[in-house]
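Have a look at these structures, which come just after this line.
Both of the next two complexes hold chain A, though its partner changes from chain B to chain C.
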Partner chain A sequence: MLETTALPRKATLPPPLDTRYQVETPEGIDLPLRPAGLMVRALAFSIDLGLRGLILGVLFIVLAFLGKLGAGLGSILLFGVSWWYMVLFEVLNQGRSPGKQWMGLRVVHDDGTPIGWSASLIRNLLRFVDMLPFGYFLGAISCLQHPHFKRLGDLAAGTLVIYREQPLTRPQLPDAQPRRPAFALTLPEQRAVLGFAERQGELSEARSHELASILAQPLQVPAPRAVAELNAIARGLLGPA
Partner chain B sequence: MRLSDATVVIRPRTSWEAMDLGVLLSQRHRRLLMTSWAIITLPIFALLSFWLWDSPSLAVFIFWWLKPAFERLPLYILSKAMFGETPTLKQALRQWPNLLKPQLLASLTWRRLSLSRSFLMPVVQLEGLAGDERQQRLRVLLQRNAGAAQWLTIIGVHLESALWIGLMVLFYMFLPQQVELDWSWQTLIAVATQDWRWLEHLTNFFYVLVLIVWEPIYVACGFSLYLNRRTVLEAWDIELVFRRLRQHLNTTTVTLLLAAIMLVPTTQNVWATEPVITPDSPRLQDQPLTSQASRDSIKTILDQPPFKNKETVTRYRFGEDKPDTKTPDDGKTPEWLKALAGLLDSQRFGFIANLIEVLLWAAVMSAIGVLIWRYRDWLQAFVSRRPVLNRRAARPLPQQAFGLDLSRETLPADIAASAESLWQTNPRAALGLLYRALLSHLLHDHNMALKPADTEGEVLQRVEQLHQPALLAFSRTLTGHWQNMAYGHRLPPAHLQQELCDGWRTLFGPGAAR
Partner chain C sequence: MKQSLFENRHKAEWARFSLMLEQLERGKEASGIASFPKDYRRLCQQLALAQERGYSSFLIDSLQQQVLRGHQQLYRHRSRLGANILSFILAGFPRLVREQWRFVLAAGLMFFGSLIGFALLVYLFPDLVYNLIPAEQVSEMQSMYDPVAGHLGRSAERAASEDWVMFGYYIMHNIGIAFQTFASGLLFGLGSAFFLLFNGLMIGAVAGHLTHIGFGQTFWSFVIGHGAFELSAIALAGAAGLQLGWALIAPGRLPRAEALRLAARKSVLLICGVMLFLLIAAFIEAYWSSMTAPAPTTKYLVGAVLWLLVATYLLFAGRTRHAPE
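Take a look at the complex of A and B:
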């Protein structure tokens, strides 16, 4: 019997959309990166802009007492802060300027390696092009149109702004006697069962019953007991912990 | 709505990632979304401008106020496209009047200024909720992601204005220079009082253009935020996997059962007719897919790119001899060449070949030798492992020997006199002083290379090398008595005091300068 997993109607459809970007290492391991889009980057940029304004404002007030020397120092400072703020933070702080750090972002090369001097300089020098003709006009359009949300500077430097991996907290599973399922589960299915047990607190009770009853028949338990059964299987999958 | 038909990967995301998914969604359907938006908004904008020609600001304000009404169309298109039923442009436009019916007044009046408009729009339009039910739903939805939805609108406002001003600047930059000359900032500011309405309507038109780009994205982002909230609330991703698992389990059970029922009676026949079933036998010839055909198709697939990458390389090389197709003219040259080759291969030339080989190797060796000689300094400087010690460095004079201080400054001015005076009370100190003075003298006046590790005997050997018998004799006596004193604690005889002091005076002069 010839059996295909996909329905024939779906053969011509494009692959489902996802916000993940896979980098394959030479060992054949897929590293999923999550490119960050315009909205969160705009917020991170405004934080950086505000911070720079604050630094410059405070220092200018101090330098104003120094007369002409202060004016000279001030212009040097203006140059340094406006051109080197992003570069120094990105290269020396693992691709994170304060705004990006706040929003949980970081900059990496296209292949996921940490950003270096040349890439950071290029992407920040080309901000000028992105700003044309006013307020990141070109950058915003490029960012909205690119599948990995790159602005022109990112395209030139080969960099990517991604979400940082956040530390995970240990999820709480409902108490149950561990059990093994009667049939083999693939990895996504095991994850789904575990996810069902972990996220039960967020689901309404009716909804978790509804979800569990989908599997009541294959599990060979009455529908009301399916939730407990799935929790038991999840405990079993989790192992002694 | 069937979750398994979704054209996006359903999983819980952070709110910002959900917005990014909205951007991707709008990218995929950009053409449809933008054309449909342009088709419904441009005529309305034209009508408004024509109607309110004298107050352009009011026209653009009314247009801006009507945005929620326009936004229903992109949302409809997206909600259909989400589950794989992308409507055509005509279908979408025909649907728009129907979409306007539910709660239009509310969304154009008291809900118009809500910051989370795009996030909550699907509740009315897609779920069709109203009144208390809607309020309840909003409460649940807004427990999370409300902040993100508001940020989306705030960012949208800023982006719209940035793009709007950007378009105006672009327009200004592209003006020919002759036209630009007539304009100054005063006239631009005073434009309202003059008869330049068309300019204001033009800038309004820029705003409409900006919305054609931005509004579909805004609606898509709000929609994907809504989807994400529901994915988290209702665990859509889990439902999807569970349904697939049940389907998979059911089909396998059914297949197994069917196979068991069908195969049991026929097993005997199969065994009788075909006792040996190996992968090579052309079994099951009646099937649409025979083993032969499947093997062939596997082979063709394996011969294609990801498995086998064929590459055609073209380059020049000398044509090979083809003895069969030789023409008489071609035959001449190869004949003598062949004879020569045969000659060279023979035994006689064997030793010549060896000789040449030896010579060539010798040439290579000598070339390497010459190279090393040529760069010997460089090699010494950079290749040698141990740094060469600079032997000529002046060794500092030792300040001590056997724990005795040898510097001149520590000795008294008249050594013989002070030794005499010390002798009565402390003969050990007196002898020590004499010996110390002798060493100091040897060190400083005779430039003797004393090392801190030298023994008394070695010092005497060095004194021998000076070839001064008087000094040597004195040194011998003094050293002997000093050793007796220092190590054996044996007092020298009393007459020795005078003897040594006199010896000192005769050797180094009565003043016995240090």
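Take a look at the complex of A and C:
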């Protein structure tokens, strides 16, 4: 049964059933972040690992021509690349190592601000413990049981690996004559109707008919006309172009 | 107000804001930067309005993205490491070490206690060394410090380039050990305790054994100089690790995760100091300790001065406030 009585306009939307992490800013805005799970992070790490191997391989070949000096520089480089690669990229490149950049991830503090030196140093030094006793065992367990997929280093540093926001493209609303709905819509209903109109480009025709026909009865239109009716209401809500 | 009217009214403003964001994200000096906080707060208000009025997901999501990007530009954590290195070296680090004296004392006792204790034991009962170190490694160690074989098993005087090799090697090896000692403290402090005791026993065994067979002169004159920085750095790294572990064992009134986060922020500063110590140690080890020209007496003297320097620095530096802070 659809609820047709209007909720008070102040009613907040129910929390979405997903892994979103809400950051409340000092302005009183809730910013949703999307923490990244184990799989995509493992892929990002593998890319970084491969890249580091490549860098070291090339450098060692070059340094081999330098003899003794090269060997000394080589040790320093090995140290630098194995312990500092992640820290430098994360701090200087907006929380993105090349692997994370590739997989569309970034590291931020718990409060959504860009990661700084000390947090990055902590989370990357403690990577050593995450790798114990073999192959990221502790890190994977911690990551799988934590609601925001934090490994031990993230817990200690207070950081979060999230999906980077991708630029949005404006969806094309289907053409329709604007129309006022037969009854007052609640806020979630209004959002749902607008969402239906905005996402219609991604849905097959049959699916949008199926979805719209659920509402045919409360809208008091025959089922085949429900899609057009919803689009018209969405246009009406949106206002003149 | 209908959504399209709302969008039309603020479109120009949003475009300007996003331009400014792009400039800021690329680290450029953006024009009109002074109004950025005001613009950001206006955007926050518009987002709140859009949510309140049930506007479409596209509008709300894109406003949310802009706010998030603005948030990341406006609220940055002040980095306490990069900005004031000098005051950290002059005062901050020794102050921190004294503030954490309990952990430093515990780590120091574990490390130096096991080192000195086992060195004495091996000196008195020489066979003990083979319980800890395999025989072939012991003989390798012996040939390295053999007084007859010139210096450290190599040709009499090392070339400058050889010093470079060892400098690089020491940095990698020692700082790696310090990092491990620190990080494994997360396992309720057990890892740090293990590495402290293990390294203490190993170094103690070598020292006791070499002294017993009469190579004491070459060994002690080699290690005393850089040991001041290197050994105290390992102990401090262990102290930082113990601090992490203790935050998990006894978090006090905070939740464990929060206690760990606070402890980690302090201990990472200790680790920065440790890195500095180890860089100095690697430098001394590669360029001074390996020299054969100075007489052992000179080396002992310099070594004693260095130990005194480290102790004075950690105990007394930063007790009074000075201008550079």
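Everything that follows uses one rule, which is that the second predicted complex is superposed on the first by the 216 of 241 C-alpha atoms of A that agree within 3 Å, B and C clash if a C-alpha of one lies under 4 Å from a C-alpha of the other, contacts with A are read in each partner's own complex, and residues count from 1 in each chain.
We take it that a contact is a pair of C-beta atoms (placed from the backbone, for glycine too) under 8 Å apart; a residue touches a chain by one contact, two chains touch by 3 or more.
In this text the structure is predicted, and so the values were computed from the model without any measurement.
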### Task
With everything superposed onto chain A, say whether chain B and chain C fit together or clash.
fit
### Message
Per the contact definition in the header, classify A:203: touching chain B only (first), chain C only (second), both, or neither.
### Response
first
### Message
If we overlay the two complexes on their shared chain A, which of chain B and chain C does A:155 touch? Say first, second, both or neither.
### Response
second
### Query
Where does A:81 make contact in the superposed view: on chain B (first), on chain C (second), on both, or on neither?
neither
### Message
Contacts for A:118 in the overlay, against chain B (first) and chain C (second): which applies, first, second, both or neither?
### Response
second
### Message
Quick one: is A:238 in contact with chain B, with chain C, with both, or with neither? Answer first, second, both or neither.
### Response
second
### Message
Once both structures sit on chain A, report the angle chain B, chain A, chain C from C-alpha centres, rounded to the nearest 10 degrees.
### Response
40
### Query
Which chain makes contact with more of the residues of chain A, chain B or else chain C?
C
#### Entry: chain B versus chain C as contact partner of A:43, first or second or both or neither
first
### Task
Check the residue A:195 against both partner chains and state whether it touches chain B (first), chain C (second), both, or neither.
both
### Summary
Distance floor for C-alpha atoms, chain B against chain C, superposed on A, in Å, equals 11
### Message
Under the contact rule defined above, give the chain A residues that sit at the interface with chain B and also at the interface with chain C.
### Response
188, 191, 195
### Summary
Interface with chain C, chain A side, in the complex: residues 9-10, 23, 25-29, 31-33, 67-69, 71-76, 78-79, 83, 94, 108-109, 111-114, 116-119, 121-122, 125-129, 132, 152, 155-158, 165, 167-168, 170-171, 187-188, 190-191, 194-195, 197-198, 237-241
### Task
Would you pull the chain A residues touching chain B in the complex into a rising list?
1-2, 13-14, 16-20, 34-40, 42-43, 103, 133-137, 140-141, 144-145, 147, 149, 163, 183, 185, 188-189, 191-192, 195-196, 199, 202-203, 207-208, 211, 214-215, 217-218
## Note on the structure
In their shared complex, chain A is touched by residues of chain B numbered 6-9, 13-14, 16-17, 19-21, 23-25, 27-28, 84, 151-152, 155, 158-159, 162-163, 165-167, 169-170, 173, 213, 217, 221, 232-235, 237-239, 241-243, 245-246, 249-250, 255, 288-289
### Task
Report the residues of chain C in contact with chain A in the complex, numbered from low to high.
2-5, 25, 40-41, 44-45, 47-48, 52, 54-58, 61-62, 64-65, 67-69, 71-72, 75-82, 159, 161-162, 164-169, 171-172, 175-176, 179-180, 182-184, 186-187, 191, 244, 257, 260-261, 263-265, 268-269, 271-272
